[in-house]
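So, here's a batch of structures to check.
Shared between the two complexes below is chain A, which has chain B as its partner in the first and chain C in the second.
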Partner chain A sequence: MRRIPKPEPMSLLAGALAALVGASLLAGSLPRPWTAGLSLALGLALALGGHSHGAAACIDRLAHTSRWAGLNAGLKTTGCCVLLMLTLCCRTPWPPLGLFVYTALLCMAGGVGVRRYLGLLALPAAFLLLSAAALLWHWAPAPGGLASVPFLGGWLVLDAAGQATARLVVARALGALGCLYWLSLSTPLPEVLEVLRRVHVPGPVLDLAVLIYRYIFVMLDTAARMRVSAASRLGYEGAGCGLRTTGLVYANLLGRSFGRARVCQQAMESRGWEGDIRFLVRKKPVRAAHLIPFAAPAAVMLLALCLGG
Partner chain B sequence: MTRQEKRFMALSLAAAGVLIVPQYAHAMHIMEGYLPPVFCIAWGAVCLPFLAAGVIRLKKAAKQQMLLLAMAGAFIFVVSSLKIPSVFGSCSHMTGTGLAAILFGPASATVLGLVVLVFQALLLAHGGLTTLGANTFSMAVAGPLAAWGIYKLCRRLRAGRKVSIFLAAALGDLLTYCVTSLQLALAYPAAEGGVLGSAVQFLGVFAPTQLPLAIIEGILTVLVIMGLESCAAPELRRIGFLEEVRHD
Partner chain C sequence: MQELLRFEDVSYAYELGRDALRGLTVSVAAGERVAVLGSNGAGKSTFFLLAGGVLSPRAGQVVFEGVPVRRAADLNRLRRGVGLVFQDPDVQLLAGTVEQEVSFGPMNLRLPENEVARRVDEALAAFELTEYRHRAPQYLSGGEKKRVTLADVLAMKPRLLLLDEPAASLDPAHARQLEGHLARLHEQGLALVVATHDVDFAWRWARRVLLFRGGQLAADGAPETIFADRALLAACGLEQPVLFRAGRALGLNPLPRTVEQLEQAVRPKGDRE
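This part shows the complex of A and B:
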């Protein structure tokens, strides 16, 4: 039986902030009940969904098992970068929002569950909500605009100009986020690194990246075990003790990894390592049909841009 | 409720949201798609000379340093994805770039920071590909340079080692946050007050997360370096960190 997670107090507050920002974004353009309903729904979704930890292992697994994993990595990387640039050039919120929905549907077609996808979307939510709040509300000596709240001897004012900027910025961020998620949920990272090698990113940087990728998951596992054993010795009781334990765990984690680096280097040198690391890459030829999921939205976006979107 | 009371309620709700919610935000990565194209390219261009210096440094570095650097990179990624439990009931994360700068120097820390930022964008959805330039400048160039500079300055002034490390990591973190706020303000200046007004707004909105985070970062960096000295002294000597300590 699946346990329904209890919402954390932080998630509840994030939900409240989401509802507030949602209401400020929509204020004045929809009938009142719609604004209230939509912003409440947004708030509830964030409060109950929360944000997940352990995203790294989750995204990596989804990328390796995606139905899009058979496509050429160079094609996917180039396609997503082109779509990203087109998104940033948009001047109205609708094309990026459309792209966001399209890429979300593609991710789900690739095998990502709806709940999982929404959980991943909650990761950048704090940044998006806070900066949208900063764009929407500004301090002014006199009340005005669509709404105003007294603050520090003046007024926090919500006006149409701020609303327009915030809507565009939020839409572009969502569209771009959709593209990024499509790339990262369909392409394993080593394949992206191989694409970068082909466009002549300096060798030492890529070697570093390959090694880091190799050790991230080993280290995550070690860290999880260290934390469990520290917690079982009551290492996280109280703020001061928790901070001290965290410091000790991190120091041990890095110290032990340095030790592991020595062992690994000896093993590599004894097998004739001369400084570069190469892996065999499976060839994934590009077919004409593979171009469609990238070319079609790019063409629609270009058309929208030409029509003044 | 009267109108005054309604306003009071709305204000307190907003204040509560702004003060408490952000404590679960991550270090200040500008999210994907947040900056206009001109700024994406410009910040990327600003980072190029620093990255070039880093790559030249890496090419000269011995092979054995490469693996230690990779371990430090994996460590930065891992600590940025783990939450620190039970600190003010919030869920904050360490950035670790100040630590890398103190151990390996600012040039290597820049390249390390760039690689970690790409990984964070693709595996953790922190930051993004279009905002990579801006994030690299604030988190992998400005922060580490400041941390390294402050550490060296404190050592020159004969401050205690723990104090120097704490100040370097905490102030480096604070500078990162100020630079990010400035980057956001340059891209989205306020209608009244321009860039400066907007910068004050962004600084204010993010301050409740970032100020405690800087202090936690400082304390943890001190603990990690002290711990390393007791369990990984040979490695620290190899990267030239411990030698310098011996001289004093």
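This part shows the complex of A and C:
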């Protein structure tokens, strides 16, 4: 039986942090009610979006079912890399923010729900928000700047310079994140690995990636079955017991992984494996129309860069 | 019948002091249908791994198509000629999509890409997997995974196919489907060797039975002979197949291998009553 999802403490914390950072980023540039409203909306979106469990499996499933999955993976990877570079060159927050919104909309057009997208954003968002908070607020002996809060005998001060830096950093990070999310939510990992193979990333690295990718799912499945079996024997009743069971499950998983690795190698050898893993790759032809989703934003960003953005 | 694979006094031990397989001498000919029976730890899986060229014998030798397997080139020939389907599909499935998965073996055979593509298409069509070609193995059901592992091995065009408990963890419908696939493969002239715990399946399907016990071959013969020896079966922890017993109890000759054959054999008597 599934439990009704409760708001999780982690999501609430991320939401509160998002609201605080949002307010700090906007302070002084918008009327106060607007700042408060927007910050609150941001905080709520993150708190309710929640952090997502089983992110690896979720990203993989979305990538396989995306409407953009038919596009040539080389084109997508190159396009996203170019957009990423342009994002990092921007000197004002607007073009990267625009790119973030654009890529998020593309993901949603590809079949990713808003709530799912927010859920997947929550993990990097926590890192991003903490860094932004550190950039925005600094300790000073006297009050000043746009806002100040008494702290440890001195003041935590928010000033315009810190705000400008934080805005740019957050915008660039979001733009870059948007590009990466679009690529990973529209391209199954095996296709990305094939692109890397073509640009001569060493074979052993890619072979390892193939195996890790495959066995993530095998291990997740085994772990899930072990957890269900432990739960059916009341293994998670109480915090101490739950911790002990979790430890046992992971220790057992390690043991099984070694055993499985041996059998998997036998299975590969029986199919003539001699040290390098190679698969048949069907070509996905690139058509002119496929270039538009990449060329259009790149052109806009280039224009913005030329105009001083 | 042309001999494909021969074991000559083969022994193997995973650890020192305890033989997993001891002094095995047996041969399999082209087009045979063999069931390998025995309790867990009897040596069935070790026999398969040796036959598939994954393990090398500690003593004795394996001969494939008349040539003893000694050098790396012989081993390569053995692995090409003998396909091994593992019991748990998850240890065999490797690639990100079904199509790539099936291409792994042919790519290892260093075939040209258009030939690999042709074999992949053929194998996918043979196991009704064409529509799943872009699916990831993790999103397939147990029966579908089993079909992919069969397509995997068939795409390498082996002459002998070894299947380790293929029906384990399959529901009855998928198990029936699997038997259909096995029948078709046999019609194509492939030699099939199936390890199983299911004596009813062995009776219905096999024309020869290898019985393993404690790392040794306890018996090798026609199903009629092996299943008639109750003492031997009991020593190996096995029972007589239901149809075999029913046929004997009714005094039928020949003994029915399928329920349909049994029905046909008893119908005239029923009509007379």
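Operating definition for what follows: the second predicted complex is superposed on the first by the 291 of 309 C-alpha atoms of A that agree within 3 Å, B and C clash if a C-alpha of one lies under 4 Å from a C-alpha of the other, contacts with A are read in each partner's own complex, and residues count from 1 in each chain.
The definition used in the following text is that a residue touches a chain if its C-beta (ideal position, glycine included) is under 8 Å from a C-beta of that chain, and two chains touch if they have at least 3 such contacts.
Because the structure is predicted, anything quoted here is derived from the model rather than measured.
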Chain C versus chain B, contacts on chain A by residue: B
Partner chain in contact with A:140 - chain B first, chain C second, else both or neither: first
Partner chain in contact with A:177 - chain B first, chain C second, else both or neither: first
Which of chain B and chain C A:195 touches, first, second, both or neither: neither
Touching partner for A:260 - first (chain B), second (chain C), both, neither: both
First (chain B), second (chain C), both or neither touched by A:75: neither
Contacts of A:120 with chain B and chain C, given as first, second, both or neither: first
Touched partner set for A:128, first chain B, second chain C, both or neither: first
Partner chain in contact with A:209 - chain B first, chain C second, else both or neither: first
Touched partner set for A:59, first chain B, second chain C, both or neither: first
Residues of chain A contacting chain B in one complex and chain C in the other: 60, 189, 211, 213-214, 218, 260, 264, 269, 273
Chain C to chain A touching residues, read off their complex: 49, 52-55, 76, 79-80, 83-84, 86, 88, 90-97, 99-101, 103-109, 113, 116-117, 120, 134-139, 152-153, 156
Complex contacts: residues of chain A adjacent to chain C: 57, 60-61, 64, 188-191, 193, 210-211, 213-214, 217-218, 221, 260, 263-264, 266-274, 277-282
Complex contacts: residues of chain A adjacent to chain B: 9-10, 13-14, 16-17, 20, 51, 53-56, 59-60, 81, 84-85, 87-89, 96, 120, 123-124, 126-131, 133-135, 138-140, 149-151, 156, 159, 161-162, 165, 169, 172-177, 179-181, 183-184, 189, 192, 202, 204-205, 207-209, 211-216, 218-220, 223, 227, 236-239, 241-244, 246-248, 250-262, 264-265, 269, 273, 275
Residue ranges of chain B touching chain A (in the complex, touch as defined): 7, 10-11, 13-14, 16-18, 20-26, 28-37, 40, 55, 58-59, 63-64, 66-75, 77-79, 81-91, 94, 111-112, 114-116, 118-119, 121-126, 128-130, 184, 188, 190-192, 197-198, 201-202, 204-206, 216, 219-220, 222-228, 231-232, 235
